[in-house]
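Single-structure report; data block below.
Note that the chains are named A, B, C and D in the order they appear, and that numbering of residues resets to 1 at the start of each chain.
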Amino acid sequence: MQQVANMPVGEMGAKAPLFLAGRGLSKSYGAVKALSDTDFHLATGEVVGLIGHNGAGKSTLINVLAGVVARSGGIFEVLGRDAGDWSANLARENGLRCVFQELSLCPNLSATENTRLLHPALKGFGWKQRARKTIQSALDTVFPDSGIDVDRPVGELSLGERQMIEIARGFSVTDSPVRAIILDEPTSSLGAEATRQFLEQVSRASEDGISVILVTHRLGEILAVAHRVVTMKDGLVISDQFNDGLSRSELVAVMGDLEPETRERRDAVVRDVPVFSHSSGLGDHDIELHQGEIVGLAGLDGHGQRERLRAVFDAARVSGLPVAFVAGDRVSEGLFPLWSIRDNLTIRSLSALSRGGLVSNEAADRLTQSWFERLKVRAPGIATPLLSLSGGNQQKVLFARALASDARLIVLDDPMRGVDVGTKHEVYALIRNEAETGRSFLWYSTETEEFENCDRLHVFREGRSETILDGERIEPNAILEASFGGLYV
Amino acid sequence: MSALTRLAPWTYGFIAAVAILIIMMVASGVGSLGSVLSTALIFGAISVVVATGQMFVIATGPGNIDLSVPAVLTLSAYAAMTAAAASGGSALVGLVVALGTGMIAGTLNYGAILALRLPPIIATLAWSFVFQSVAFNFGGEATLKPPAALAAFTSFRLAGVQIMPICIMGLTAVAALTLTRGVWGRRALAVGQSEAAAHFAGIRVKRVRLVSYVLCGGAAGLAGYLLAGFTGGAALNMGDTYLMEAIAIVALGGTSIAGGQANAVGIWGAALFFNLMGTMLNTFQFQAGMRFIIMGALIIAIVAIVPKPKVR
Amino acid sequence: MSDKRFRLSHGTLQLLLSAGALLIMLGAIFHVQPNAMSYFGFTLLFKLSMPLVLAALAQMMLILLGDIDLSNGAFVGMVTCITAVWLDPSPGVAVIAYLAAIAAFVAMGWFTHARELPSIIVTLGASFIWLGIAITVLPSPGGTVPGWLTGFTGWRPPLLPMPIWVALIAAAVSQWFLMHTSFGTLLRATGGNARAVQKAGWSLSRLRIAIYAMAGGLMVASGVLLSGIITSGDPNVAPSYTLLTIGAVIVGGGAFVGGRVSPIGTVLGALTLSLAGSFLSFMHVPATWQIGAQGAILFLVLAGRVIVDRRKLA
Amino acid sequence: ANGLATGDTSTKRIAFSNSYAGNSFRQIMIKDFERMAQKAVDEGKIAGFTTVSANNNVTEQAGQIQNLILQGYDAIIVLAGSDTALNGAIKEACGAGITVVAFASGVTEPCVHTVDYNLDSYAKAELDFVQSKLGYGPANILEIRGMAGDGFDKRLHEGVVKAMAEHPNYKSVGEVYGQWTGTVAQKEVAGILPSLKKVDAVLTQGGDGYGAMQAFKAAGRDIPIIIMGNRQDELQAWKDQHIATGYETFSLGATPSVSQVAFWTAQQILAGKKVPDFVEVPLLEVHQADLDAWLKVVPEGGVLDADYDQKIVGQIIDANIAGTELPSVAAPN
């Protein structure tokens, strides 16, 4: 049933030489086999889309290919030669670049200085000017008009801007050419326009003979640029298909999920007295949340949605309304790295689980177990350390933390980042169900399709909620027009 | 994996302490064991009180540390002895004043951290200068004698067993329960792992941190009070040895210096180890320089073999 | 673009703050004692800040990594002992001892990294080791230092007093090295996100060894200068350096998060704190309040940060 | 030269550079100085004075001395935090024509006048007393020292070594470092006691006798001869023990008012008196017979003290010049 590509073939169908080939690659973390006996190859100029469930082993495979994680077994060849003890340094010398899932910039350095990390050639007299030129021209190529100040510490930039810098840096060239680039969920915090620019860059690079591995849960991106789609599951490559007219549902099916039918719009929410209402003081629209309502914050990336979201959260907390937050930037704002799934999940509900200031272990276990099962978290058990889960599964636990709490209002900060398609649809359904029970949601997202789940939408422009879209008016074109302002209103 | 690597981090202090006890036993006979241990217990108990307070602060995250502990300890002891004397020798009044002074000091510490946005190491250092000065002006010219009841309590033995360390063990049990099961304890450990994540998990970060500094101050106050009782009064430099030692004890006791993970029981093992190590170095009559070198090497060796929490 | 101008003024503001605190104290001193405003006066006021400046830069290198050095004072004390015992009679032995000391410091840093230990506790342990070595080398204060060294520390260079030259050169060189060379950038990157540096293919161990070696070298220089000034060695001469140097880095706008330090700020911080200690002798603060007043000065100097931070938020 | 010099010092100012103010002994020392200096100002003998304390930080003290130079003081009395580390600063002071008197410290810079106890005789007096009680017979001696690496500690310890050499039957069974602090001494002694079979006498450096006695008591051991310092708690413990068991010992120590000796010495130098480089100050000794009298005048928790006025200091200096016996501090009656 699957079409397996044994021979590497470039876009034009001609035989292209292999850039890299691995056979029997494996990697174990203790008892967990994150990668078991997997073959993988990449031809020059080829764009491979790598997809699979959260925890399928994509990042692990990539880390092994990039030389960042030492493989536990398998053979590894680059340009036909045995790579032996492959390392990050060797990878760099062979022209292999990597953009990792967790951002790999130094927050205290500027984009210019961060560029120096990747390029040993940038040293000696005048290195800074050369570095600035290198990154600036890369940025101008990949993301024209991004307006990013390359001399500002990247820690002061938004997540999306940082991701742009990291992508541009991956494509930047000094003395040695880029031969291949691996991108692990590079678009997870990019807005629509930047994503489009990025995909164009991937195609351009491929035409220049650069090989690309693109890992993403946004299947549309894969369909748009990949020559070949490799699907992983449980540490194994389960399918390897040429992208000659593949469809979204075919990919979903390979992963073992069903594409849900287009769902019906929910019954209109009764809007009497809002559960919570927040005014920015800027004279723009107040954000009102009614019982059972899902309100979205849309707009171009970086136009004040996140700030407003946080302001609402802080204000709701101060007002005493039970409120919970699901962080998209889970590493720095969501998870407690030393703790198990259970401790991470129950931290928001300690008061409810305790008597006389002491937490009941049984109650905590029960609560965790029920959500663990409801969200189908892939882990050996609730005592597993959260960090040993794959990114998407960590995100599910953060969802569970909010849903298991007593919160009447749940604030979602681009929460689907890194979550696989199957899970996403489960979570959408869950959110709608919870809304039916009377909970309200405030939802900021970088993925426009997600707003279809909303009852009402605030579209932001330049830090203000400029437009409100309701019910049927929530559709991509309307959102886009409102985002650019004027045209529609 | 060998059995050794599976031991919990906090057990290493105890193992080291027992090892020293055995060495001491070989060196000076089984008969000496009782008195070696009882000395270590009583002085260890004071270190435990100080270190437990410091642990609460360290647990709330990287950079959190209270350098004012020695000054708070001294100041509280002075305040307590003065108040006890003024109230006609009431040990209880002394206790309340000692705890109160310590907790106020803790509040001031966190207040400066928050209001001036200072790193705790600097804020508490600056306060410690001020507290020291206040203690000087409290009557630095004399050692203030403890009330009789306090002196009696600190050296009281029931059937040969010292009561004060037993009481401190009770406090350790409470601290351990607070960390593992207490709502505040869980929240403090959450704050220690990530302030931002804690904030978004609905935790009142500032309050949690405030409480940890207040607890640390209170613990220093209690230690000053007990030490004054046991050593015959409040003296200006009584707290000096309790700063670096307490930090080392916290770390050796299995608490992560980076925060987010703490162990109250392990502090006992580390405190006993520290006191026994001093005894051992004295007993073997090493040159003064050698004593320091061995002490430093032992501290490093033990933190090095203690397994760390998995995550960086 | 307005952003960019603002960022610059923020960094500068931090520095101006440290410099301002320094100037205010100096102003007060000159008001009380006008004759301090002279070549001779400056020399006396700042002479002892020379070793502190170098020790503070050493501390800064470790804070840059996100580490902290609680053994700074003990190490400098040990260097004064080595100097007082060997530098005069047998300079070769002294140089070997200095190199061994740096090697030991580097070994400590490497060990901390290899075993992923908290530096605060390893350096605390190491401070006892340095002190023990110092006492073994020189059991009580004394020894002699070569004439050229005392001559150097007492030298009266043209234009500016010696301590000012030392501060200027130390600030300029360290600022240039750390903030403007490509290697310095790599070191700052290590402090900011070590994982990223490693993923880019650099050897973390080598970078850390380089940082520790530089810190060790700075502390040796500090100890040698100090023994030249005090004309002897003393194991307990500088325990206060440990906290003073940390203070200097923070007063100078540094932070403990790793990668965020300012060399110029650190030098200014060291000058400020070393002046604060003696400032009080001019102010005739009652003896029992002198220590408390130092705490108050520390608060006042740092309170300016709040204003700067406010502006940053605004 | 005999008697007090009477040169005019009414325009002179004298500063006190103190290395550390963090214990009661030093606090009293500062107050003693300031009281005496204030009196001298009131009587028109000097024009002014100041005290600066470093926080146990030698480089800070060196800096403060340099500032005192800048401020134009005519004399500086120094309680040095280090025997050598202030040499640079002190030399500069001397070079600026300032009279420097170092006291209770072994400053090695030759330009200073030193006012200090004779630590050899300190140690000798301790062992002489032990001998008066135990005879020459074998005895186990425990020595409580001060701080490792400190000059005072080293000099006193050398005195002990010399004195011990004259008592071949005495055996040193242990050394602990008590940091001149009761609580530390108690802890360290308590730590070493279990390994010691028998202790006949404990030599101390002052401030540590009480802690030592507490340690022996807590361990339930017989209390040996513990040479006491001159803190009130040491004397009181001695007295209590005397009442309970007839225990007898002896107290030896520095008085905080040594700052006054240094002050007047400096004033006398300014006034033109020829003062020897080393002025030995008598140690304050308390014998069993005077114990009660002394205890009556010492405040609870305080330190034995006695004012040194200008006249006595003159006599001390003269006795030093003449090499005669120093005028001793009489017990109160």
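One rule holds for everything that comes next: a contact is a pair of C-beta atoms (placed from the backbone, for glycine too) under 8 Å apart; a residue touches a chain by one contact, two chains touch by 3 or more.
Protein identities per chain, from UniProt: A = Monosaccharide ABC transporter ATP-binding protein (CUT2 family); B = Autoinducer 2 import system permease protein LsrD; C = Monosaccharide ABC transporter membrane protein (CUT2 family).
Fair warning: this is a prediction, and the values are worked out from it, not measured in the lab.
**Student:** Farthest chain from chain B, going by the mean of C-alpha atoms per chain?
**Tutor:** Relative to chain B, the chain with the farthest C-alpha centre is A.
**Student:** Quick one: chain C and chain D, Cα centre-to-centre, how many Å?
**Tutor:** 35
**Student:** Roughly how many whole angstrom separate the Cα centroids of chain A and chain D?
**Tutor:** Computed from C-alpha means, the inter-chain centre distance equals 72 Å.
**Student:** Where the CA atoms of chain B average out and where those of chain D average out, how many Å apart are those spots?
**Tutor:** For chain B versus chain D, the centre distance works out to 33 Å.
**Student:** With chain centres defined as C-alpha means, what is the inter-centre distance between chain A and chain B in Å?
**Tutor:** 45
**Student:** In chain A, what residues contact two or more other chains?
**Tutor:** Residues of chain A never touch two or more of the other chains.
**Student:** Would you please write down the residue numbers of chain C that are in contact with two or more other chains?
**Tutor:** 131, 134-135, 139, 288, 290-291, 294
**Student:** Give me the residues of chain B that touch two or more other chains.
**Tutor:** 129, 132, 136, 140, 256, 288-289, 291-292
**Student:** Between which chains is there touch?
**Tutor:** Contacting pairs: A-B, A-C, B-C, B-D, C-D.
**Student:** Quick one: in the complex, what on chain B touches chain A?
**Tutor:** 177, 181-184, 186-187, 189-190, 193-194, 196-198, 200-203, 256, 260-261, 309-311
**Student:** If you look only at chain A, which of its residues touch chain B in the complex?
**Tutor:** 313, 317, 323-325, 327, 332-339, 343, 347-348, 350-351, 354, 357-359, 361, 385, 387, 401, 405
**Student:** Inside the complex, what are the residues of chain A that reach chain C?
**Tutor:** Touching chain C from chain A are residues 66-68, 87-92, 98, 100, 104-109, 113-114, 116-118, 122-124, 127-128, 149, 151-153, 156.
**Student:** Hey, which residues of chain D end up touching chain C in the complex?
**Tutor:** 18, 21, 27, 30, 34, 50-60, 62-64, 66-72, 82-89, 91-92, 108, 147-151, 153-155
**Student:** Enumerate the contact residues on chain B facing chain C in the complex.
**Tutor:** 62-63, 65, 67, 112, 115-119, 121-122, 125-130, 132-134, 136-137, 140, 244, 247-248, 251-252, 256-258, 287-300, 303-304, 308, 312
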